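Some structures are shown below for you to check.
In the two complexes below, chain A is the common chain; its partner is chain B in one and chain C in the other.
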Partner chain A sequence: MFGLDYSWLADPAYQQWLLTGVVNTLKLAALSSSAAIVIGMLGALGLTLRIFWLDALIELFVEVFRNTPPLLQMLFAYFTLSTLGLKVTDPSTGLSVPLLSAFACAAISLSLFGGALAIEAFRSGIETMPRSIIDAARSLGYGRWARFWRIEAPIATRICLPGLTNILTNLFKTTSQASVITVPELMYYAGQIYNDTFRTLEVMILVLLIYMVLVSILTFAMARLEAFMAFPGYGRGH
Partner chain B sequence: MIAGSMLSYEGKKRTVLLLIALGVAVWIGVDAAAGGAAHWNRVLVRLPLLLTGSVSGWPITGGFALNVILSIASMALATALGTMMGLATLARFGPIRVPAFLLMNFLRNSPWLVLLFATLYFLPFEMHVFGTTIPFPPFVKAVIGLALPTAANFSEVIRGAVQSIHSGQWEAARSLGYGTGQIYRHVIMPQALRRMIPGWTNLYALLMIATALATVTGIQDVLTILNTLLAMENERVIVYFYLTILFLFIAYCYPIAAVARWRERAVKGESL
Partner chain C sequence: MTGFKTMMGVSALALAAFFAGSAAVAGTLENVKARGKLVVGVKNDYVPYGYLNDKGDVVGFEVSLAKYVAKELLGSEDKIELVPVVASNRIEFLTAGRIDVIFATLGVTADRAKVIDFTTEYVSAAGPSVLAAKEATISKWEELKGKSVCGIQGSYYNKKMTEEFGINLVAFKTQPEAYRALKDNRCIGFVFDDMTLQQKLKEPDWASYKIAVAPYEFQPMAGGLRKGDAEFHEAVDMAIGKAEAEGKLIAWETEFGMPHSDYIAARAKAAAAKKN
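Right, the complex of A and B next:
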């Protein structure tokens, strides 16, 4: 069809590569997304405490990770963390080997990058919360914790969801950059396959399609979650 | 703590950030005295190469300057493409709107790196159109590859800005006998343009960050040069090189992102 040759796809070895690649991409995305959400929540909570030095530290963290390329962050983690002392001596060979694998380096730097974005998103979500709701809760006699768990957190979660969807899709797409530091995810195996078969065009089309499908599933799931969580009058829930 | 109590919250925060900057400076000084100076010297020797791609610093053949040029060229192309795509997704005529919408979603849902690779391999080495030969050097491919996702994101910015203008204005203009093109030109765009600026600026900062990916096309951008240089350096010096490049990106992108946020606050709450 259209002069495209997909006969290589019948080879079980390539099928295995693609499958491993997809699984590793999903693993990397799941790991860094959950870590990013945790970092985002901790950071945004930290900001609500209004402690000036904590505020300054969080702001610095966000700006550094937002304004540098994730690719550079990964390369930095991959090439320099072991130099900076994160290495162990392999007992069987006596050689000094890096403590963190390429996958771990990618997961850590993606978590921090996504975390910085998430802090921003959660912060703006908390900021847009109507002041009157907090006042109303206070006048009803809610204490600090009850107010947070029963009023602020549920509302902020709903306000933040659209922003979180953006960050998670962004992070998912960024996992493809881990191929540069030899993490065996989808993009890495794509390179392996077209180096083997010289079917560059066909492999790239297939990879684009796979990413499209995966990202679409993610956005669809998040849209469902938004619809499920929606409550009348706020955000997109009408 | 007397000085501290006189400062506002923002003032205290700024003081802490200043102290951190000072701490970093002191740390660099201490480290330099402890042998880091030799490492920094290696970086300093290579700095013109990293910035401009030539050892003497002139002419500009690559390096960070090439990233900047790449981002500007890409942004120009993305603005043109994104405007067309954005207006097409707003068209009432289905055969224009639906394909534009699908294309926009496809570009927005694909990873930047994969799109860049795709452009690199899809585009021919050169193209013959009406007897003239248009060459596609890697730089042009990088410009196109980065412009595609940026254009899709920009079309979203345009859509958002146009849709934020109250529909009553459309009706009023139509009742005065304006055509669709005229309404866009004289009524909607002058207002929407103002609201697009923060999104556009933000997108530019994102694009600049993404130019780091262009290293896969093989152009002599800052990362390609860095990788070539690092092959000749020892393990320790690599850390100093990476810190320098990270700093270059922050120094360029942070002010742009800050301007975007400032403009965003300026147009926030503006609705008519």
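Right, the complex of A and C next:
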């Protein structure tokens, strides 16, 4: 069809590469997304405490990791941290080797990058919450912690879900940059396959479709979650 | 793959047909003599075959060979014009008549032989080898099974490394990254083009490293000529044979810092014996 040649897909080596690539992409995305959500919640919680030095610390974290390219963060983690001394001695060879593997560097960088964005998303959720709800909670005798976990967090989560969906889909796609530090994910293998076969267009189309399917599953799940958690009186809860 | 091969085949045929038409008309040897200048396509970015020295002159093993051929054909090694070419345009430059001969790390392959003629083969170019620390005990490809070895993304031998030798290939986008990772011990070796690694070993930073695993394959390298020009072909081959017999190629190996190869030594010996 259209002169496209997919005969290379019959090669078991390429099938294995694509499969390994998809598995590693999913692992990286799942790990960094979960960590980003946890970081986002902790950060937003920290900001509600109104402690001067903690605010400053969280703001600094957000500025550093949100305002620098994730690709650069990964390269920094991979090449620079070990040079700065983050090394261990390999017991089997006695050589001094970097502590963090390529996968760990990518997962940590993406978690921090996603986390910084998530803090902002959750914070905006908390800040846009109607003032009257907080006043109501206060008048009912809720303390600071109970108010956060029982009132603010559930409502803020619902308000910031669309923003969070954006962050997670972006984070999923950003995993493709991990190929630069040799994480064998989908793009890493795709490049090798089209270099071997010269079927650049065919490989690109296939990889595009794989990403589209995977990210569509994620956005579909997030849409369902949004519908399920709809906040009465707001957005889809109308 | 078949589509690509067919395409290559068709373009090769087209070029060959185009050539059969024009080669019959122009004898390159007369042209070169009338012009008083041999126009040669050489590399200018590939140590040690053709590269720029500190003064900005194009020098190298194949550049010296080209100059020798010019001397044989025209009486002076200065009667030459060096045209920088790259892998993707050198055959077009030749078939289009912009150069008379290619001396630019041209590997002898059957596909190319459909489009151009090859001169005598004068170098046996090594494929990939493995650079590793001097203490490394590994010396065979088979011993790399399951080990992490740095490489470059997109290299033609990567599939062989992972599928045949079972290497855990850690492939980077660029060479500096791979060299850095090797120094950081992220991998036990770096698999790359042997000649490039040999040159790297000469840098003081890399004194504690060695070529741990020798190349598993060699590809003959030859000059490229337009198809069907027997007279010119013979003249160039004679010049190369004479250079071999005089031990010039061995001298150039020394001059350009190449490891002495058995292949060139054997050819020099055979050429000298033939002459006597």
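Side notes on the structure shown:
Throughout what follows, the second predicted complex is superposed on the first by the 236 of 238 C-alpha atoms of A that agree within 3 Å, B and C clash if a C-alpha of one lies under 4 Å from a C-alpha of the other, contacts with A are read in each partner's own complex, and residues count from 1 in each chain.
Quick note on the criterion: a contact is a pair of C-beta atoms (placed from the backbone, for glycine too) under 8 Å apart; a residue touches a chain by one contact, two chains touch by 3 or more.
This structure is a prediction, so every number in the text was calculated from the model and none was measured.
Look at A:66: by the touch rule set out above, it reaches chain B but stays clear of chain C.
Contact with both chain B and chain C is seen for A:180 once the two complexes are overlaid on the shared chain. Judged by the number of chain A residues each one touches, B leads among chain B and chain C. Contacts of A:102 after superposition: chain C is touched, whereas chain B is not reached. By the touch criterion defined above, A:79 reaches both chain B and chain C.
Of the two partner chains placed around the shared chain by superposition, chain B is the only one that A:208 touches, whereas chain C remains out of contact. Once the two complexes are overlaid on the shared chain, A:8 sits against chain C while remaining clear of chain B.
By the touch criterion defined above, A:195 reaches chain C but does not reach chain B.
Common to the chain B and chain C interfaces on chain A are residues 79, 83, 179-180. Only residues 9, 12-14, 16-17, 20, 106, 109-115, 117-118, 121-122, 205, 209-213, 215-216, 223, 230, 235-236, 238-239, 242, 245-246, 249-250, 253-254, 257 of chain B touch chain A when the two sit together in their complex. The touching residues of chain A, when paired with chain C in their complex, are 3, 5, 7-8, 13, 79, 82-83, 90, 95-98, 102, 179-180, 182, 188, 191-192, 195-199.
Those residues of chain C lying in contact with chain A across their complex are 1-4, 153-156, 158-159, 162-163, 170-173, 177, 180-181, 184-186. Contacts from chain A toward chain B in the complex involve residues 50, 52-53, 55-57, 59-60, 63-64, 66-73, 75-76, 79-80, 83-84, 169, 172-177, 179-180, 187, 200-201, 204-205, 207-208, 211-212, 215-216, 219.
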